[in-house]
Amino acid sequence: MRRAIYPGSFDPVTHGHLDVIERAGKLFDEVIVAVAHNDQKQSFFTLEERLALLRNSLDGRNRVQVEPLDGLLVDFAVQRKATAVVRGLRAISDFEFEFQMALMNRKLEASVETIFLMPKEEYTYLSSRIVKEIARLGGNISNFVPSHVVDAFARKQKQ
Amino acid sequence: MRRAIYPGSFDPVTHGHLDVIERAGKLFDEVIVAVAHNDQKQSFFTLEERLALLRNSLDGRNRVQVEPLDGLLVDFAVQRKATAVVRGLRAISDFEFEFQMALMNRKLEASVETIFLMPKEEYTYLSSRIVKEIARLGGNISNFVPSHVVDAFARKQKQ
Amino acid sequence: MRRAIYPGSFDPVTHGHLDVIERAGKLFDEVIVAVAHNDQKQSFFTLEERLALLRNSLDGRNRVQVEPLDGLLVDFAVQRKATAVVRGLRAISDFEFEFQMALMNRKLEASVETIFLMPKEEYTYLSSRIVKEIARLGGNISNFVPSHVVDAFARKQKQ
Amino acid sequence: MRRAIYPGSFDPVTHGHLDVIERAGKLFDEVIVAVAHNDQKQSFFTLEERLALLRNSLDGRNRVQVEPLDGLLVDFAVQRKATAVVRGLRAISDFEFEFQMALMNRKLEASVETIFLMPKEEYTYLSSRIVKEIARLGGNISNFVPSHVVDAFARKQKQ
Amino acid sequence: MRRAIYPGSFDPVTHGHLDVIERAGKLFDEVIVAVAHNDQKQSFFTLEERLALLRNSLDGRNRVQVEPLDGLLVDFAVQRKATAVVRGLRAISDFEFEFQMALMNRKLEASVETIFLMPKEEYTYLSSRIVKEIARLGGNISNFVPSHVVDAFARKQKQ
Amino acid sequence: MRRAIYPGSFDPVTHGHLDVIERAGKLFDEVIVAVAHNDQKQSFFTLEERLALLRNSLDGRNRVQVEPLDGLLVDFAVQRKATAVVRGLRAISDFEFEFQMALMNRKLEASVETIFLMPKEEYTYLSSRIVKEIARLGGNISNFVPSHVVDAFARKQKQ
């Protein structure tokens, strides 16, 4: 059985992430979506909210797990017996950063391969950061995230 | 009549910005310089100071307005009946970010076109951020910004 | 009146080119599509064929002319009293080359401004070169070029 | 069973290619190395030589086939029931070109996914083109290609 | 005598930095490693710690000095009679930023030349930032920094 | 004594090349400009013409030699006891190619260091190729090359 990890902050999950998960699902027998719990960078949604939004988006899909990620990605991958780490590759700045991370991870643990998938071109320039920015300014984000994520923004902004 | 919006933080206005405004002025009947009021990112100069520095720099130019920008850029553009958003394009990292913003804006409002202009090559690597860094370290910034902006730095640093 | 030049080899015209022409048409009163006659680089379609395919694609559009371009672009622009040269900006490699050309043109003739437009994202990675490659290998190019260009390929390949 | 295609010109095969093939072999049940027969671009080694050099390099590996590729890559992939096309991703210029090809292939055939793998960093800047250039100038290429490819260069250059 | 400045934050020094220092040492008669004291950006190690870690790493090397850098780099270079500023050039994002800084420094002081060296390829994607991230998550950083820097992390994290 | 090699095709020499040579002259005791004799790529000026145009441009400068380069660059560097290879770094596409060459050269001969210098920003986008293109179309190239190179174009084009 071939298992892949798809790591990220998912703050929040976007259509771009879901597109990558679907593509990974065709290449691997199981995909674990690993949500980074970074206590240094402040997230908009809490870890629990981010996990819930992802699980809600992926409801009904077999062979996709959503789990929090605490320590080093490669340790998590080895522990879960994953063959590969999956990353979506968008623009140039992504590419550099992704390469750096992937080479570092390979140095730390040679057995885990990083593979890059290309999201649908209409999601090429989509990012969680820009979705949060548009939401903050009162713009309509329903083309970029599932409807229950739109609702989560509304609830969060009311607070 | 064709009207363009030139948005930015202008913290502070540099010769590079003024060069783009002049070029835009030849292509459009009116240019609105829209100064983003971002209450999340701390600016060096206040919104009022940034507006004043720009107006001072553009004094005497017809057909150029300076206005604060509060909400979404595309909403502002539609409200002002602008045909285009103008952006200066410098280096590669710019290019990626600018493309992302422009595609997002097009998704949000298809009627507003983003056009990219190329500043004078001697301003290619000029940015407000680097000007602030040089000023902070006591360097001479008079080649990069108008003289009244040099004065504004001096006043600000005395405080 | 503001007139723009949109130069290229158009070997052959693609949906990406037509998208840029349409966008330019909203910003300028007249657009001249200038087809480079390069006797050094062998083209697949002759200059006459490329002009005809463009004219056929643009039939019925006012304010768009198709003309051959023989000498220097900036001389042509000055002669036609054009304010601007329009270029579609796609990927990174484009960006570098386009910048180089635009700076050179500015050195040769400061009065002509180059402006960059962003084609629809689904055309971001479309190029005449790749269309010719797919056609050569027997692939279906009908998503990338107008139907009369598909026919032109068929006629050309029979020869 | 999951099968992947690894296409290229392999003119000639380098250690970088072999590294990608090995990585792909861990992710897929079978890998078909597809050698493009491009009658437009002149190759240094003939198609037959390139196939032989690859087969010699891969001798003894199960689950790796070497085959000529004549038509469109996606048609070949569908015909061979391959789930994925594998590409090694090296530097920036690669990235742009690879993205363009992958998006085009997806347009032509949505069922075939392109995945990108990262060769060992010491092969990051290795290419067949540069190996040929060094061999032409009499340099030592034994760090870049298998020894039987070094021999093939020697035989070819004697002709 | 030719003297070069190698500036940076060195938070902390990595094998990549030491590699650049060694290369610079072959090109210049003396190298001054200048450690930026940036009171705006919070560093992990204090200025004193960063100086000590560098000096410890460079112990026994003649013709290499380690000094704090307070004001503008170019002022420091002129004061120390340095001919050149040395920078390691890694990936694309580096390149843009480095170019911007180098052009600005040239504008501020034309007599100081910036030269770029290429670190060993296995250090191409190494950075202090990523080392700190791995250490924070409990990963093994002994391939990336000298052993006394590994110890310094351990001491710091105990606090 | 520190000697550097500055290799290239110089077809023809431009103000950008001369700017790099001058900068290299301040960092090294001697600079050898090495003109590649590539019998595979057709040059506009012959090797002899390119050597003569360079020597004419550099007339009166001590410590700069102009020589043809036939074999591998690193062999030439070792033979001439050069410490470094100097390259001008312009735009992104340059960067990738230059990195690839520099890493290859280091693999072939570790003792030769490649250093990158940044030409004056007004020469950033200047290249021999674009100069030839402008000359071919009858444009004025006197801002880009020395006057005797302008004359050489005129003589060549009369033939």
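Per-chain residue numbering starts at 1, and chain names A, B, C, D, E and F are given in the order in which the chains are listed.
FYI, contacts are C-beta pairs under 8 Å (C-beta built on N, C-alpha and C of every residue); 3 or more make two chains touch, one makes a residue touch a chain.
Just so we're clear, the structure is a prediction, and the values are computed from it rather than from any experiment.
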Given chain D and chain E, the chains that contact each of them: A, F
Identified repeat of the A-C interface (over half of residue pairs identical), from A-E, D-E or E-F: D-E
Far-end chain from chain B, centres as C-alpha averages: D
Cα-centroid distance, chain B relative to chain C, in whole angstrom: 31
Where chain B and chain F are represented by their mean Cα positions, the distance between them in whole Å: 39
Residues of chain D touching at least two other chains: 92-93, 95, 99, 103, 121, 124-125
Interchain contacts (touch definition) - all pairs: A-B, A-C, A-D, A-E, B-C, B-E, B-F, C-D, C-F, D-E, D-F, E-F
In the complex, chain B residues that touch chain F: 92, 121-122, 124-125
Residue ranges of chain A touching chain E (in the complex, touch as defined): 40, 71-72, 74-75, 92-93, 95-97, 99-101, 103-104, 107-108
Chain C contact footprint on chain F (complex, rising order): 91-93, 124-127, 130, 134, 136-140, 143-144
Chain A - residues contacting chain D, complex: 2, 23, 26-27, 83-84, 89, 92, 95, 99, 102-103, 106, 113-118, 121
